[in-house]
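Structures for review follow.
Below are two complexes that have subunit A in common, paired first with subunit B and then with subunit C.
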Partner chain A sequence: MQFFGGSEISPSPPVPTASGNNGHMIYMFNRNGVCLLYREWNPPLRTLNAQQDHKLMFGLLFSLKSLTVKMDPTSAEKGNLGVPQLPGQGCSFHSFRTNTYKLSFMESPSGIKIILVTHPRTGDLWDSLKYIYNLYVEYVVKNPLYTPGSPIRCQLFNTTLDQYMRGIA
Partner chain B sequence: MAPVAPRSGDAIFANIERVNAELFTLTYGAIVRQLLTDLEEVEEVNKQLEQMGYNIGIRLIDEFLAKSNVSRCVDFRETADVIAKVGFKMFLGVTASVSNWDAEGTCCSIILEDNPLVDFVELPDTCQGLYYCNILSGVIRGALEMVSMKTEVTWIRDVLRGDDVFELQVKLLKQVPEEYPYKDDE
Partner chain C sequence: MAAAIYSLYIINKSGGLIYYKDYGSAGRMDTNDSLRVASLWHSMHAISQQLSPVSGCLGIELLQADTFDLHCYQSLTGTKFFVVCEPGTQHMESLLKYIYELYTDYVLKNPFYEMEMPIRCELFDINLTQAVQKDRVAFLGR
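So, the complex of A and B:
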């Protein structure tokens, strides 16, 4: 499929903070919990089947977000835990790190969630996540053959994403 | 790390890929013309334009959020301001203004003085009920729905019908909070 490229994806890709093959996997969800994308580079050990894995990941993020908003020391009003939030309202968490991996998270106000699981010593991936969001806009949203809300099957997006991930992580 | 400040409409408009204005106007005119031929009923065409706008809006919102770096708007006033100052500027190259707020802050008017869609356009007598720019109302409704706001967008004043400016009324019906989408069956 032809892509009328020539426009620079803005912002330009951030400088890599680590070298070597650090990227493990990426997930993208929309606001209804549909897993738009799942890709892995260094095959991780997975014991759950794909469906369960996606639900688990989505549920984890949803709960973490709720929890972080309720625990926010700087915010004035505290609803009860579990009260549904407007996406983007309150604070949002960026990442968590364990001794074996680091999970970075970004959510847009339109509910698109991007999750990157990488090597634990990776630096802050906020700019990378924004760049991936830009890639999503350019290659997926603008693709007339893509139905919003369905899993992403755009070859060009996958290739560009792989290329970018190999470059930064 | 300090959050990146939202970019102004002008800055983004300068960086974004642009298309020839006349091409845009004439293409849109051709679309409306074709819809009139196919559907014949002016009301049907209005509805179809709004639906097309809705489909555009649900995708446009992601591009808008990605390129403009705006964070979540605190209230509807800010939303309307952002649409008028950044959104319209970024996509159509014109700045709109916001006025006529009602008492609760849920209903406002967005005023467009010039509108690239209607250059060279005149409405004939047979199409007097047509909202030529109805695609814009669909775009706003679609985009706001993707950020959890259910709105109703209607035209109050229309230059093609004899008024002096374009006035869109945007009314917030409700905010839809995010719910856990999976049922608790595990």
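So, the complex of A and C:
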């Protein structure tokens, strides 16, 4: 899994893979489960309150990760189901699709998880997720006023992210 | 040549595993593990419906991971058929629908079969193997 391709933001963001109203929501979690970011672009139907939603999302990802590690048909040596995995250890899933949405997931080696919820017919968003991670590095991590592990409140990051999501939507 | 399909699971509407067949994966699971994995999948399927931004979500149809894809088909009664296959395998949806037809013909219409119990129907096994083999041969031929 090639992660460190380029560490600076490439001058041109990746080309959009599908047209139409794509972007729904983005979540970002750190390795402790703290929700660093949640933004939405098309008003979605919210049935649970925000806190419950974040916990449910994090729980789903954690369980799916342990499921894919266990179900991996190419490795014979597996731990028990439910053992927490280090980022990058074992087989990880990168997206799933339902009839109403597609969820794309990426975990950085430092445990930062980025989740994009989009239209079901969206193509592979791996490059977009990498680009968003680079935006996070540039605008959030390098911001001296940002405390790691706290929710992101960097205006420049939000603006650039919105611009980018509108571009691929 | 590696098989396109690694394994097949069928779970009943409560999440219990009623059928598990492994077609040659290195990570063949014992009974307990396959039961746990099936229940976990059942829960994940349900949670994914709750997280949908729009209503009317029927659950995960395709899960893509690094080394495998998982296709899932849910019947109207809640029985789930899912298959673990190589990434990028085509036509798994139609295979799953065909397996559902085999299930209705050889399992549900079998008067000795108890609902929601593990499947022990020889004809189902035979026909299922034929269906999967046919798929495998088609892939090798391509």
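In this section, the second predicted complex is superposed on the first by the 159 of 169 C-alpha atoms of A that agree within 3 Å, B and C clash if a C-alpha of one lies under 4 Å from a C-alpha of the other, contacts with A are read in each partner's own complex, and residues count from 1 in each chain.
The rule is short, and it goes like this: contacts are C-beta pairs under 8 Å (C-beta built on N, C-alpha and C of every residue); 3 or more make two chains touch, one makes a residue touch a chain.
Keep in mind that this is a model prediction, so the values were computed, not measured.
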Simultaneous placement of subunit C and subunit B on subunit A, clash or fit: fit
Of subunit B and subunit C, the chain that contacts the larger number of subunit A residues: C
Partner chain(s) touched by A:V141 [first = subunit B, second = subunit C, both, neither]: first
Subunit A-centred angle between subunit C and subunit B, computed on Cα centres after superposition, in steps of 10 °: 120
First (subunit B), second (subunit C), both or neither touched by A:M25: second
Touched partner set for A:G111, first subunit B, second subunit C, both or neither: first
Partner chain in contact with A:Y133 - subunit B first, subunit C second, else both or neither: first
Partner chain in contact with A:R39 - subunit B first, subunit C second, else both or neither: neither
First, second, both or neither for A:G59, with subunit B first and subunit C second: both
Touched partner set for A:N99, first subunit B, second subunit C, both or neither: second
Overlay on chain A, subunit C to subunit B nearest C-alpha distance, Å: 10
Common interface residues of subunit A - those touching subunit B in one complex and subunit C in the other: 59
Interfacial residue positions of subunit A with respect to subunit B in the complex: 6-7, 10, 31-33, 55, 58-59, 62, 83-89, 108-112, 124, 126, 130, 133-134, 136-137, 141-142, 148
Touching residues (chain side subunit A, partner subunit C) in the complex: 1, 24-25, 40, 42, 44-45, 47-48, 53, 56-57, 59-60, 63-64, 66-68, 70-76, 78, 81, 91-101, 103, 117
Subunit B residues within the subunit A interface of the complex: 1, 15-17, 58-59, 61-63, 65-67, 70-72, 146-148, 175, 177-182, 186
Subunit A contact footprint on subunit C (complex, rising order): 6-7, 25-27, 29, 33, 36-37, 40-41, 43-44, 47-68, 70, 84
